[in-house]
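One structure, pasted below without further comment.
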Amino acid sequence: ACGSTDDETADDQADQDTEQNDDASGDEATDEEGAASDFSLAMVTDEGGVDDRSFNQSAWEGIEAFGLDNGLERGTGFDYAQSDNAADFLPNFNNLVNQGYQLIFGVGYQLANAVEQVAAQNPEGHFSIIDEVVEGDNIASVTFAEEQGSFLVGVAAALKSESQNIGFVGGVTSPLIKRFEVGFVAGAKSVNPDINVQIQYAESFADEGLGRSIANNMYSSGADVIYHASGATGLGVFTEARNRVENNPDAGVWVIGVDRDQYEQGQQGDMNVTLTSMVKRVDVAVQEVAALAMAGNFPGGEHLILGIEDEAIGIAETNTDAYTEEIKAAVAEWQEKLLSGEVVAPQTDDELEAFVEGL
Amino acid sequence: MMDNKKLNIIIPIFSVFLGFLVGAIVMLAFGYNPIEGYSALFQGAFGSMYNIGETIRRSIPLVLSGLAIAFAFRSGLFNIGAEGQVFVGWFAAVWVGVTFDLPAIIHIPFAILAAAFAGAVWAFVPGILKATRGVHEVVVTIMMNYIALHTTNYLIRTLLSDGGSQSGRIANSASLATPGLQEMFGYSQIHWGFIVSIIFAVFVWFFLEKTTYGYELRAVGFNPHAAKYSGMSVKRNIVLAMVISGALAGIGGAMEGIGTFGYMYTHGAFTNLGFDGIAVALLGANTAPGVVLAAFLFGALKVGALSMPPLSGVPSELVEIVIAMIIFFVAASYMIRLLIMRFKKEEN
Amino acid sequence: MQFIDQFIAMMPMVLFYSAPLIFTALGGVFSERSGVVNIGLEGLMVIGAFSGIVFNIFTADIFGAFTPWLSLLVGAVAAGIFSLMHAVAAVSFRANQVVSGVAINMLAVGLGVFLTREIFGRGQTDSITQPFYTRSVPILSDIPVIGDMFFSGAYYTTYIAIIVAVLGWYVLYKTAFGLRLRAVGEHPMAADTNGINVTRMRYIAVILSGVLAGLGGATYALTISLSFAGSTISGQGFMALAAVIFGKWHPLGALGAAFFFGFAQSLSVVGANFEFLANVPGFYLTIAPYVLTVLALAGLIGRADAPKANGDPYIKGSR
Amino acid sequence: MENYVIEMLNIRKEFPGIVANNNINLQVKNGEIHALLGENGAGKSTLMNVLFGLYQPEKGEIRVRGEKVKITDPNVANRLGIGMVHQHFMLVEPFTVAQNIILGSEPTKGGGFVDIKKAEKEIKELSDRYGLSVDPSAKVRDISVGMQQRAEILKTLYRGAEVIILDEPTAVLTPQEILELISIMRNLTKEGISIILITHKLKEIMEVCDRVTVIRKGEGIDTVNVKDTNVDDLAALMVGRQVNFKTEKTPANPKDPILTINNLQVKDSRQAMMVKGLNLDVRAGEIVGIAGIDGNGQSELIEAITGLRKSEAGEIKLNSKTITNLSPRKVTESGVAHIPQDRHKFGLVLDYPIAENIVLQTYYQKPFSKNKILSFKSIYKHAEKLIEDFDVRTPSPRTKARALSGGNQQKAIIAREVDRSPDLLIAAQPTRGLDVGAIETIHRRLIEERDKGRAVLLISFELDEVMNVSDRIAVMFDGQIVAEVKPEETNEQELGLLMAGSSKEKARQKAGDNK
């Protein structure tokens, strides 16, 4: 009964997949059944679960696509293990190891310790951790340059905002979420150094009510674009924006989604409050690592930072009504600057301070 | 009439059976094969040394949170705050584990003691408010749970890391996990905490049933007026009961901190160790041996549940349903009593 | 004045946050006033939220703007039926009511997520397309200050919650039904010898608590989360239980307590707007609602006496 | 054919392991007061609960006004005109008198709204008609026991009862209240109402009843006309042997004062001053009885002595050492024993076995515990001895206190208190609700203690008891000791007047006049 309901994305991924497989000598794998069934990969979810319509789901879609492309079977060639609790991480890894999976992903920074432990106990296996860096010869660490994507949505927010007052809602305070915050502020200030950015953390990824309250407060005190990096708490932000639009179609409030294109969450009648989303292509990352591993080039001990140039970080352009051509053009300009290295998005408070001073 | 001792054993067993029966019916109704489902569950819980190790490991904190709640219940108090006490205990143990450098023989007890102390402090607040101001302990402990969650998160970020979401690892000398033991159980996360939990189960049993303290606590739980009349201090006993209960829950947290994980991370929500403790205590009839058995059953079910989706396709939530139904049948044990009595009558 | 403005701006937030708590706490009041402890409120909210959302998703096309109202009803009815389990255990089978409540909580989440997986193929539902929206009450919202505080940008469900609370007070304290219900919770044997059917009264009270908690859960789902997952209801039921005790088992007390929680919660959000709180670190604002509650209980409210027979199964002829 | 309003024929009611009623017959004539007499646990309450529909009999037939009926629940009983005032009152404490009376048959206006005004008016009329004075708007928890009982009777009348069952109504009343109740009963029968009266007080039966049915150990023994019998015969019928009523005792031989109370002032939980400068002493080797109407500060006095309540002013000395405001534990250790008024609330942990109840104040001492560890061996040995010595009827020392009859629970408490060899023994209502056999035993115990040289302070609302057992009577009124008299120099009437607040001279005069 499980699986992706989002066929479009799956197709997209399939396309990209083939591209990547080209340079990773993937055709061999697809042609030769024997070779394909030799390889197997799996993932362990964090507490969100494989169908969180966010991070874990994206990773699973990547694994599924990779598996199907390479003629693997669910349950033997590729699979996932669901964690309901942090204490489940290690048993899940071990179960997958015992079932003989060759490459196992830990999806989410919370799994770092588990990956470290299981990798040490199984020097023969290949492991990969997403969103965190773990030392180990048989571990590939993959992180994303969220600050780049956040920078770009910051630019978009600044351009969209009429009040020049925008907001950021964080989940739980952590270095990871900090990158979102700092990148966003930097992007916005690059457009207008005097822009006002309200920042608040809900200290929960699962409190829609609180997300709602925070958004209400931010919009009421003049913000018109809110970027959230707060999981289910962010649903409350969408609720608040939709409610405002429902009451007043000219309310002009916007939400910027996170991790995947949250266009659907913003639909309100024939309006949509999702300005854009900072898309983190975990699926891309997973497939990249998988392809390398299958080709025998597993990047053990390496730290891959995937960003715009890898097409692992992007920004959604679904809402063509709101996300105007001008914004698109401006964002593209800044994207060039990021790609060329002319601008480097900050990752910490200190870097942000320096960045702002340099403006 | 059947004597009570026998019934007290038959009823939980029967409840477990009925709980599984309901689970099987649910599986059938949704087109799953219950035999496959349950054998996956059993595999997951006991299929290999590894799984057995995991089951034991999962039971350890449940024994302690169950003991905590049972202890309070026996004294007439409802400690919904075990959840929060687990948090602060976990934190305190990890703090000791990362901050100090001591020989294991001191370090481990010190960490456990710190956890007990933190849990005790957390439970002291509702205890003293109940004793002196008559404030209902249920409200205060619910609030203390949230305070614990946010406070430990904050302290992990500020005290145990540099704005990070995880503390550092505890020193090896503070760890209850040893490679030898884990290897024996197929590299599971088992740790020596199972001995700690058994020690405290024995302690609780002895304390409640055999000492004058326990005699007083139970008297206060049954009838505070008579306790006061006979010269016991009801207030002191309420505080004492809460504090010991909190200490036990705190030690439950330590089992996660210096046993299972060896560190602490910021939590986005409750661990449910405390809330599950309520169910464990009640299934174990608020007695120490009962709590140990109930915790082991819960541990087995929760660990076994992880294997249900991959091996049989049954969603792991089915186990939640089974557990809930077991507790329900224990609660409604009068129904089972009636059934048994009717059965007996027909026999005669 | 900035302070006053912030305060006014805060009110709608307080109102929407409190509504689910008010409904649910009222449910708790009814149940516990009849002598049945109900810590299953959390689970009953889950059932209300789950069924409200599922109904909404499947019938939005049919009922259009009417859907949220019907969803509310469905949530209430479903939780009412679900609460029968608690009634059967607690009233007919002399269960330890805390145990049975714990079972209700576990079962609700387990069943909710299990069914969600069966229906939607994953652990959470889609977002609903027909939620409730805040509205300004015609005329009333034009009243200066008060209009802004209480009648603009609030949900109709909040007003219903307040009305239900007042109605609850009327029913419990002014009607024969309420007199009997309270008698059953204080001294069931006295009620029994007066010819009141204790079992029936307690069944009614528990089912009412299910209906109200279902309303609470559905209200939360239809106004705030707009979808259902295992974590949608995470602790609100326990907060409602706290409101029951905080409010001394009185419908209007529970109403006040729910508002207090809403207020404290909102204060933690808007705190940073107030000048005098602007420099307080976020952490302190986060825990403020809970600390405030403990302080209020310790300092102002103090002792609260539960209905005397609360938690005791009634066994005819025992003493 | 006699005109019976109630006929219970061959009633059998079993409880697990016991036959509470075995083929009992009870026939009540229209307009009579019919007594039901029997020892504790004889099955009286059970029989009445069957009549009132709380229990279903295994066998037997009930007829009301000649018609066979099946009384499935109290509603049916009410409809048949049967009302019951239970041994333990069935009143909801936080409710008002009126609310309690109308509960279950409330007059309503539209919307289920209770018409309390109308109810209060009807209650007023009823209470005027039968002479049952109550304050309909007072909360039950604030009124005296006597008024609570009148409220209970009104409850039955309000429902149109024609037969009223009174289960031990006088056990909780003061002598004045008993007199009132007797006149109320007479009023009721005048209005054509029949009464079934359960009581252990044979004098009362002789005074008001027309006929009496005696049951013993679940069996119906006999029904006799009161005018054809006497107290001794009734007691013999009930117990199955001759009973000695007049407590045998030698004159007291008082020695040094053990308890000295000076100018004591105590407030109750509502902060009302209840003991207002009380002075009293009790000497070794004497029994001082405190006579007084309930609510004149007796409970507060006892609680202050025993450390359960703080006193505001004054001094309490035991053996010339002050024990004012010491903790209950300290008071106990200084040599005070206390048989509490409410044995269920204070006297026992009902869910503890009898043995563990017997060490309730001494569990922490040797030999019952060493180094904080309980020695169950010593506890049970001790319990077995006391159970034997005090004739506590229990299947085993492991039996929970809850399962014992009231009389045996009381005996266990007395065993525990007396066994500690206290200097001062406080006995509050020690025989409340007990049958004559049990009363005899307990009185004998108190006198034995006196003879061993202990000081005994007896608080009782029953004049008979105070007069029979005490060596000296202190009359308590409005928080003070207003008079001290010798039992042999006074009579019930004089005491009654003193208790109502008359001065000694006036009381003596009046009592003398009446003679």
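Going by the order they are written in, the chains are A, B, C and D; count residues from 1 in each one.
Convention: a residue touches a chain if its C-beta (ideal position, glycine included) is under 8 Å from a C-beta of that chain, and two chains touch if they have at least 3 such contacts.
Please read these numbers as outputs of a predicted model, since none were measured by experiment.
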Most distant chain from chain C, judged by the mean position of its C-alpha atoms: D
Chain pair whose interface holds the most contacting C-beta pairs: B-C
Centroid spacing, where centroids are CA-atom means, of chain A and chain C in whole angstrom: 36
Centroid spacing, where centroids are CA-atom means, of chain C and chain D in whole angstrom: 46
Whole-Å gap between the CA centroids of chain A and chain D: 77
Numbers and ranges of chain C residues touching at least 2 other chains: 117-118, 231, 234, 286
Shared-contact residues (touching 2 or more other chains) in chain A: 173, 203, 206
Residues of chain D touching at least two other chains: none
Category of the chain touch graph - line, ring, star, complete, other: other
Contact pairs between chains, per stated definition: A-B, A-C, B-C, B-D, C-D
Contacting residues of chain C [partner chain B, same complex]: 39, 85, 88-90, 93-100, 102-107, 109-111, 113-114, 117-118, 231, 234-235, 238-239, 241-242, 245-246, 283, 286-287, 289-291, 293-294, 297-298, 301-304, 306
Parts of chain B lying in touch with chain A, wherever the complex brings them together: 44, 48, 50, 54, 58, 150, 153, 157, 163-166, 169, 186-189, 256, 260-263, 265-266, 268-269, 271-272, 303, 305-307, 309-310, 316
Interface residues, chain A side, partner chain C - complex: 1-3, 5, 49-53, 57, 173, 200-201, 203, 206-210, 212-214, 216-217, 220-221, 232, 235-236, 238-239, 242-243, 246-247, 264-265, 267
In the complex, chain C residues that touch chain D: 171, 174-177, 179-180, 182-183, 186-187, 189-196, 308, 316-317, 319
Residue ranges of chain D touching chain B (in the complex, touch as defined): 16-17, 306, 308, 327-333, 338, 340, 345-352, 356, 360-361, 363-364, 369, 372-374
